[in-house]
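The following blocks contain the structures, represented as structure tokens.
One chain, subunit A, links the two complexes that follow: it is found with subunit B in the first and with subunit C in the second.
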Partner chain A sequence: MAAAAATAATKGNGGGSGRVGAGDSSGARKKKGPGPVATAYLVIYNVVMTAGWLVIAVGLVRAYLAKGSYHSLYYSIERPLKFFQTGALLEILHCAIGIVPSSVVLTSFQVMSRVFLIWAVTHSVKEVQSEDSVLLFVIAWTITEIIRYSFYTFSLLNHLPYIIKWARYTLFIVLYPMGVTGELLTIYAALPFVRQAGLYSISLPNKYNFSFDYHAFLILIMISYIPLFPQLYFHMIHQRRKVLSHTEEHKKFE
Partner chain B sequence: MEHFDASLSTYFKAFLGPRDTRVKGWFLLDNYIPTFVCSVIYLLIVWLGPKYMKNRQPFSCRGILQLYNLGLTLLSLYMFYELVTGVWEGKYNFFCQGTRSAGESDMKIIRVLWWYYFSKLIEFMDTFFFILRKNNHQITVLHVYHHATMLNIWWFVMNWVPCGHSYFGATLNSFIHVLMYSYYGLSSIPSMRPYLWWKKYITQGQLVQFVLTIIQTTCGVFWPCSFPLGWLFFQIGYMISLIALFTNFYIQTYNKKGASRRKDHLKGHQNGSVAAVNGHTNSFPSLENSVKPRKQRKD
Partner chain C sequence: MKHYEVEIRDAKTREKLCFLDKVEPQATISEIKTLFTKTHPQWYPARQSLRLDPKGKSLKDEDVLQKLPVGTTATLYFRDLGAQISWVTVFLTEYAGPLFIYLLFYFRVPFIYGRKYDFTSSRHTVVHLACMCHSFHYIKRLLETLFVHRFSHGTMPLRNIFKNCTYYWGFAAWMAYYINHPLYTPPTYGVQQVKLALAVFVICQLGNFSIHMALRDLRPAGSKTRKIPYPTKNPFTWLFLLVSCPNYTYEVGSWIGFAILTQCVPVALFSLVGFTQMTIWAKGKHRSYLKEFRDYPPLRMPIIPFLL
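On to the complex of A and B.
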């Protein structure tokens, strides 16, 4: 989740520049933007993902209303969550082939960290699925992704409503800490079960002379949040001042 | 011909399963051929019509257009009302609704959806009016594709899944059409123009419609019921094809913003012309949408 900030900021910048270039009458700059086929494909991708995360949102609301309690809502949205979060792997491909002007490394880090949490932690350690911390990151992700994908959709069509831009650069203030908290608590809750079951671990001796302790690996991941999250979070805050104050000046100019 | 119909029916049954017997004998629904023939004729007119009109003066069609727009506004309003009340009475489930569980409410939905299917045939007139008035720029790939495919798709929907989860897209579309046709109808009356505040929401409404339909259909996939899955996947695929064409249309309009502006300005001087008014109508939302980013870029 922490990586989302950097990738989000980078994409925002890249997308904006791309749009400006595309709109300009200069032929050279026009060529920098994605072609019409790539743009149509990207709009389809972003619309489908916006719709997909909205499905998760309405699924959560539906399950909550049906149960009258927020416990164990994960089971109600497990399938679409896995489908649409895994579908985000396509974004790495988009960066790699150059139709989205973002860093492949940053995008990979962001997407893989989430796919990892979904499949290697939540899916694999059944016991944590009923934890409230799972709900914490699911809700944070859902809101963030609805905003992010609709942001991209409107940007590609050169018609970005201010409220979407505002939401993109404001709600993260709450949603990123919320998501990170949920992620860390979920991994923490999984630790005893991972250790107990020796999940995904390889111990010596074996013919490869290699050992891997998944339990220790998870602890290492938790520790990595400490240097990474603040750096990316404050970068996003800096980005916010830049983007929104620019808009304010624009309004005054009008 | 009857033999051909029979073999076609056999093929459909093998591929799609048994038809819904509740619509047996209904006008245009028993055989596919009339619907298919109407679509072919439509495409031929789209191809040959502009050629025929090339060296002729455009028709104004003003009076008949007002009647047409009013008629379709009322039909869309009727369909929207019937669909909303039918869904409400039948306690339809937003997430997934089968075609056999709501009794008389299902019949109400089926009856109004027949009108929805039939309205797609009536709406071929949209294109014919464009041809007669020589508004050829409005006969886009998206426009022709959408009109031609909708009639055929709904023939199949009416024969296999004429109610249940199918209601949603039709309801949204009917609502958008109330806005669209009422705007077209009223905008031909000069004194009404200052009050037509909703024109800019029509294009946005169409995009929202795509998203909402995908959401409702996808819910049926992830939280299934007796509504057949294949139809849901088909619907999602169809919405995706519309988004692709919509995007291309939108971008082309945006890229021609300079030209659009000049045309718009010229049309502004022809207040009496219905053709200009409708042309103005269709081009304006996109132009208005494209103005904001342009200003933003200047800063």
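On to the complex of A and C.
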């Protein structure tokens, strides 16, 4: 869900910078944050993740050039995508132990929604893997994550290039709608196969006296995008105005 | 005799809302709230939060003006707590919902289980027993709200009722759906499981009621004196020896009994969620007992003897 990245932007998920607005405009200002060991670990983590998503990006490009078509590119990046997206679960841990000043609940929601899409939808319903919609969210995620993780890396090192910051607060305008569209279309494409196979569903009668309809659950998830996406998208736009205008003000005083 | 002047300002905008002159030194915050209501009737006393700092803690109704750290001109900051609703109304609403909602499923009203099951009855004895237990539980709560409990704080924000009712009514509907479902599967171990579970349920309900009565008798009506609760002659109150909030212990026990009786996952989940919430409340209560009473019995734990 693009929502994941949208909220992460303001919370400093995965990075130690935390306060995006105030911290970014003045590198000289002292920031409260993790200690040196935690910082070193976080730098390594963010570098590895940046590299990981770059591998996925390069994989996509090479596969496209080799095939001459964008259909079914998912198969060429499936494994690293699963690995690095699932690896993001560590970010929940980072928040929980306090080396990253973000909400555990918020971070969990962001990461789990993506892990869910990867494993419970795309991985589980083989038929959707060749859908173009998968490519839509994979490309959106890849670009977003390369920017996000490099943003955190540079922030932790107290040397954030303007181009990275600009990219962080500008490209989402296109990437989030693109990602969300891909996510929704993928879930939608999975629905008939889920219903047909009774995937991950429990029916009555059984001794637990409980039932679960995965098909209905997926529909519920799709519906939940309606209230959630606009909220996060416009929050990011608001954040953009704040952050990029800080830079302008900063320049005026120089 | 010296009089005070009280200025009341909006906590957010700092706008001056009211100026009271010639206020008695012994005036309580409650009385000041009443005076404030005269000029601003829409903010009745229960929805006023008055504090010394804009973001400070609310002053208590019984606080006396001359004992506050203010000069002869006191400035108080007002915040609107929103529409208020009495605790009795809240609890009656919260508990009446589950009672009636459950019965809708029990009687299998149309649109729930399919046309051919409309107004039919379950063929399992345990389902009827479960309905009796569930109804008894909520009727007991309703009656306790009316005749047993005393509520220290008069009101609660209106908006909270929607959250609370969603929780109680939602879970009631969820468990009722499965317990009364035509494809319901009776407990694995049959009559023995039902009997054991029923015994647990009944004992815990009696225990819960006994604790509520003991807590009620701890203080006279209208009083705000706080005392350490102790066991009485009633054996069910002896759990006070080991636990600060035995009412919660028994409550959780009741739901565990009901979960075993029905062998239904949503009931188990409701028990788990309830246990989590009650543990939080119990720990808070336990902490406040320890803070308030130097001689508080050291053997007691918040909700589970020796453990938690």
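Please note the rule applied: the second predicted complex is superposed on the first by the 229 of 254 C-alpha atoms of A that agree within 3 Å, B and C clash if a C-alpha of one lies under 4 Å from a C-alpha of the other, contacts with A are read in each partner's own complex, and residues count from 1 in each chain.
The rule is simple: contacts are C-beta pairs under 8 Å (C-beta built on N, C-alpha and C of every residue); 3 or more make two chains touch, one makes a residue touch a chain.
All of these numbers come straight from a predicted model, not from anything done at the bench.
Enquirer: Tell me the contact category for A:P80 with respect to subunit B and subunit C: first, second, both or neither.
Expert: Only subunit B is touched by A:P80; subunit C is not.
Enquirer: Based on the superposed arrangement, let me know which partner A:V43 touches: subunit B (first), subunit C (second), both, or neither?
Expert: It touches subunit B, and subunit C stays clear.
Enquirer: Figure out whether A:N158 sits in contact with subunit B (first) or subunit C (second), or with both, or with neither.
Expert: Only subunit B is touched by A:N158; subunit C is not.
Enquirer: Can you tell me whether subunit B or subunit C touches more residues on subunit A?
Expert: Of the two chains, more subunit A residues are contacted by B.
Enquirer: Have a look at where A:F210 lands relative to subunit B and subunit C in the superposition and call it first, second, both or neither.
Expert: A:F210 contacts subunit C only, not subunit B.
Enquirer: Where does A:V55 make contact in the superposed view: on subunit B (first), on subunit C (second), on both, or on neither?
Expert: A:V55 sits against subunit B, while subunit C stays out of touch.
Enquirer: Pick out the shared contact residues on subunit A: the ones touching subunit B in one complex and subunit C in the other.
Expert: In the superposed arrangement, which is not itself an observed complex, subunit A uses no residue for both subunit B and subunit C.
Enquirer: For subunit C, which residues are in contact with subunit A within the complex?
Expert: Interface residues on the subunit C side: 178-179, 181, 183-185, 188, 262-266.
Enquirer: If you look only at subunit B, which of its residues touch subunit A in the complex?
Expert: 94-95, 207, 210-211, 214-215, 218-219, 222-223, 240, 243-245, 247-248, 250-252, 254, 289-290, 292-297, 299
Enquirer: What residues on subunit A touch subunit C, complex-wise?
Expert: So the residues of subunit A touching subunit C come out as 204-211.
Enquirer: If you look only at subunit A, which of its residues touch subunit B in the complex?
Expert: It is residues 19-20, 23-24, 36, 39-41, 43-44, 47-48, 50-52, 54-55, 58-59, 62, 79-80, 83, 156-160, 246-247, 249-250, 253-254 of subunit A that touch subunit B.
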